[in-house]
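Sharing a structure here in structure tokens format.
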Amino acid sequence: MPWPETQAIRKDMPVSFRRKDLLGIADLTPEEIQLILDTAVSFKEILTREIKKVPTLRGKTVVTLFYEPSTRTRTSFEIAAKRLSADTVNLSISASSVVKGETLGDTADNLEAMRPDIIIIRHSASGAPHFLATRLKSSIVNAGDGLHEHPTQALLDLLTVREAKGRLDGLKIAIIGDIAHSRVARSDIQGFIKMGSQVTVCGPGPMLPPYLEALGTKVSRSLPEAVAGADVVMMLRLQLERQQQMYFSTLREYARFFGLSLAHLKLAREDALVMHPGPLNRGVEIAPEVADGPQSVILDQVTNGVAVRMAILYLLTGGEPSGTAH
Amino acid sequence: MPWPETQAIRKDMPVSFRRKDLLGIADLTPEEIQLILDTAVSFKEILTREIKKVPTLRGKTVVTLFYEPSTRTRTSFEIAAKRLSADTVNLSISASSVVKGETLGDTADNLEAMRPDIIIIRHSASGAPHFLATRLKSSIVNAGDGLHEHPTQALLDLLTVREAKGRLDGLKIAIIGDIAHSRVARSDIQGFIKMGSQVTVCGPGPMLPPYLEALGTKVSRSLPEAVAGADVVMMLRLQLERQQQMYFSTLREYARFFGLSLAHLKLAREDALVMHPGPLNRGVEIAPEVADGPQSVILDQVTNGVAVRMAILYLLTGGEPSGTAH
Amino acid sequence: MPWPETQAIRKDMPVSFRRKDLLGIADLTPEEIQLILDTAVSFKEILTREIKKVPTLRGKTVVTLFYEPSTRTRTSFEIAAKRLSADTVNLSISASSVVKGETLGDTADNLEAMRPDIIIIRHSASGAPHFLATRLKSSIVNAGDGLHEHPTQALLDLLTVREAKGRLDGLKIAIIGDIAHSRVARSDIQGFIKMGSQVTVCGPGPMLPPYLEALGTKVSRSLPEAVAGADVVMMLRLQLERQQQMYFSTLREYARFFGLSLAHLKLAREDALVMHPGPLNRGVEIAPEVADGPQSVILDQVTNGVAVRMAILYLLTGGEPSGTAH
């Protein structure tokens, strides 16, 4: 028994995650979210060891299928899979090769025919992972689809807040930035509300989509108002290329009204957390002294990203009846 | 003995594959082809298990050296190697870096100096794998060289037909499309003829090279004629960029005369197989309802691709005297 | 005890390498260089085995972070890591994504948050690895930084000379080419001088930087003079794109005055070694008959590159107190 800790994980925790896929926070019950976070905590302990690896997914094949460039998320999933002893295969499909190439359905069917266990997909089209999930027997993990969802980001955010605050209910969460074009925001909003917290979103008018109230959030156009009394201030990355779409006049103006400064942060609770999904535009949506300050948990988010992704890969495969042989 | 099935493979099967390299179907005897297919069948069984991995190639290094972009074939080889527990290293060398870079011989010598066991090469120059094979001690696998050969594609096609038909002799095989520019066609023609079947090729005149009769095929310019009574109808991918070379006037015209419709397929035997090496141009060389129909074995081809490539990697290394230590 | 040889390495050799990082030859003592070379010799023996793999770094994560394109060096490190059973993750960051992306510090912090053990970095900015080394707890290996250092190249060169000559002291080393723009030259000069040899550098005037005498080398503008009586003639790759900067008028002229011909080589000692870091510009800085001649150890350099990199990865992790569990 070279890695007895793995057995410990299974014994302590009734595997009640019965899903084939992880497509979005919208699908998950609070109990399922709780289970994922608890599993991630177990895996996080492994990351502190000398040998940061367990044989849980030995012999499983995990494919990353990325239609949008990403080193950060792909690397996090790849490290998570390797620490579970899975074999990983990376497929980066550039926009150009899609144009001359085959349909997503054909690509998916082909991949499935090679018998992978899990396909992790990032795609510019909202719903692409759901399309794959109904079509394929492989487990599908949504690593970001269009403007729709990025569920593992929300789960790592929830884990980070739960670690720091000890709970996920009754908190005031402020999410600031381009909400309309952020799949991170959509997943986070639903995650925090499901777990019993209150979410206020804030950004320039054109960056606030009409469906926000329906999701159950408060909406504010004033950063000081949104941040006031918050337990968590989550800043979104500004997609700099959107400036040409005239959503705001200059970066400087954006930074002044919707960037988080130390002065703004003082309006939040004294123990408020500062979060950001990365990569940072320092001096635009977040002041360097805030990003690097004592309230920032931005790097904890990254560490928790690996743990949450290990938990997801584990639960999606371990829930199978034959999983007992792991 | 964690994976006793591996021993079973060795015991049941006298390893009589004495080649260092797999360069083309042209080199292989029918007995060697039979051995490869039989070995692939053994490995295919592994792909149905919960743990789809055997330690056969543990400690071996398999390098993919691709001078032409390919996700599909590279992924199939990479998954095959990983399921045999080999370490894989991917080298994609873009056309631009070749221009300013070193000669193929120097690249090969350098790679060899790092002591890989198998080098899988795809190159736009016909004969590039043969050049490496004579130069290097490493085993060389041809993953497609210019317009010359693509032997693992032909082997997976043979396996797919043998599985469905129970034999490879006495069958009527129709291969339709741009024969002149297809290394798949060249390998398939030789493979099916060696195994005792009859091959008819068909395409627009400029797509039919002069050497076809010498290979032993029948040649037809009429798809209905070629398909009539066939046991297997293999459609080739149309390289869309060739349209500019005036081989045909429009895609629509090509589809009408050389695309496989349901009506055309009815001319073949009732139990005829529909095959395609992928990726598909739906609505061009193959109608969607044919590609997705009950006679299509296109996805079986993909699954068999992994099994055949496992067999090749196994035979090229297991045939060595020291292979008994595996 | 499946790999008893690994234990042998540890027993024979007091691990006295106490560094967290390998940043440059400038930092190393002759004793440390000796230890690295001795360790590499042990690992080189592994490369001759049927199973070229030891479990030394099982469970360790090695990340390659390359800001400049390189297949050769990246592949050598990747193979070295895999033969030690480490998990490898490759990050290639193109110049374009740096422009719109985050700072090097933020990228490094993010990577560190995923808990890698070793980060191997190549960067166009001199000092980038040193910046990471002070910032991160992970071990940093410099795989080439700007015009500054490329220490693993120098170590493999030292190993190659020591193997062939039996010693590193009292030798005459000639290094020929664009010294000013060569991090290889900077690392080699310091390495050979530290180990007790004499270095003469030679190249066109604009390619000879002013600091050379301060490093302790002789400087010559005449290839015949520099090569006369040399034990080792090391040719540098000419960066062809520099021709536009008017350092020399034509490739032909460069080849005539600073390319190594057979006639030139006869001026060196009869048993002189010919070396080159690759890739070769045949007919420019080196004549093909010299590159392929009996005095060339160019491919030994490549083989030793894997062994030296295995040694570095081993010493950087094995030196830790907990390393005894390996």
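Points to keep in mind about this one:
Letters are used for the chains, namely A, B and C, taken in the order the chains are written, and counting of residues starts over at 1 for each.
Rule of thumb we're sticking to: a contact is a pair of C-beta atoms (placed from the backbone, for glycine too) under 8 Å apart; a residue touches a chain by one contact, two chains touch by 3 or more.
Predicted model only: the values in this text are computed from it and were never measured.
Rotation angle, subunit A onto subunit B, C-alpha superposition: 120 degrees, expressed as a multiple of 5. The two sequence copies subunit A and subunit C touch through a face in which the numbers common to both fall below half of the numbers used overall. For the pair subunit A and subunit C, the distance between mean C-alpha positions equals 39 Å.
For subunit A, residues touching at least two other chains: there are none. Those residues of subunit A that touch subunit C in the complex are listed here as 47, 50-53, 69, 71-72, 75-76, 78-79, 82-83, 240, 278-280, 282, 299-300, 302-303, 305-306.
On the subunit A side of its complex with subunit B, the touching residues are 58-61, 63, 87, 89, 91, 93, 97, 100-103, 106-107, 109-116, 320, 322, 325.
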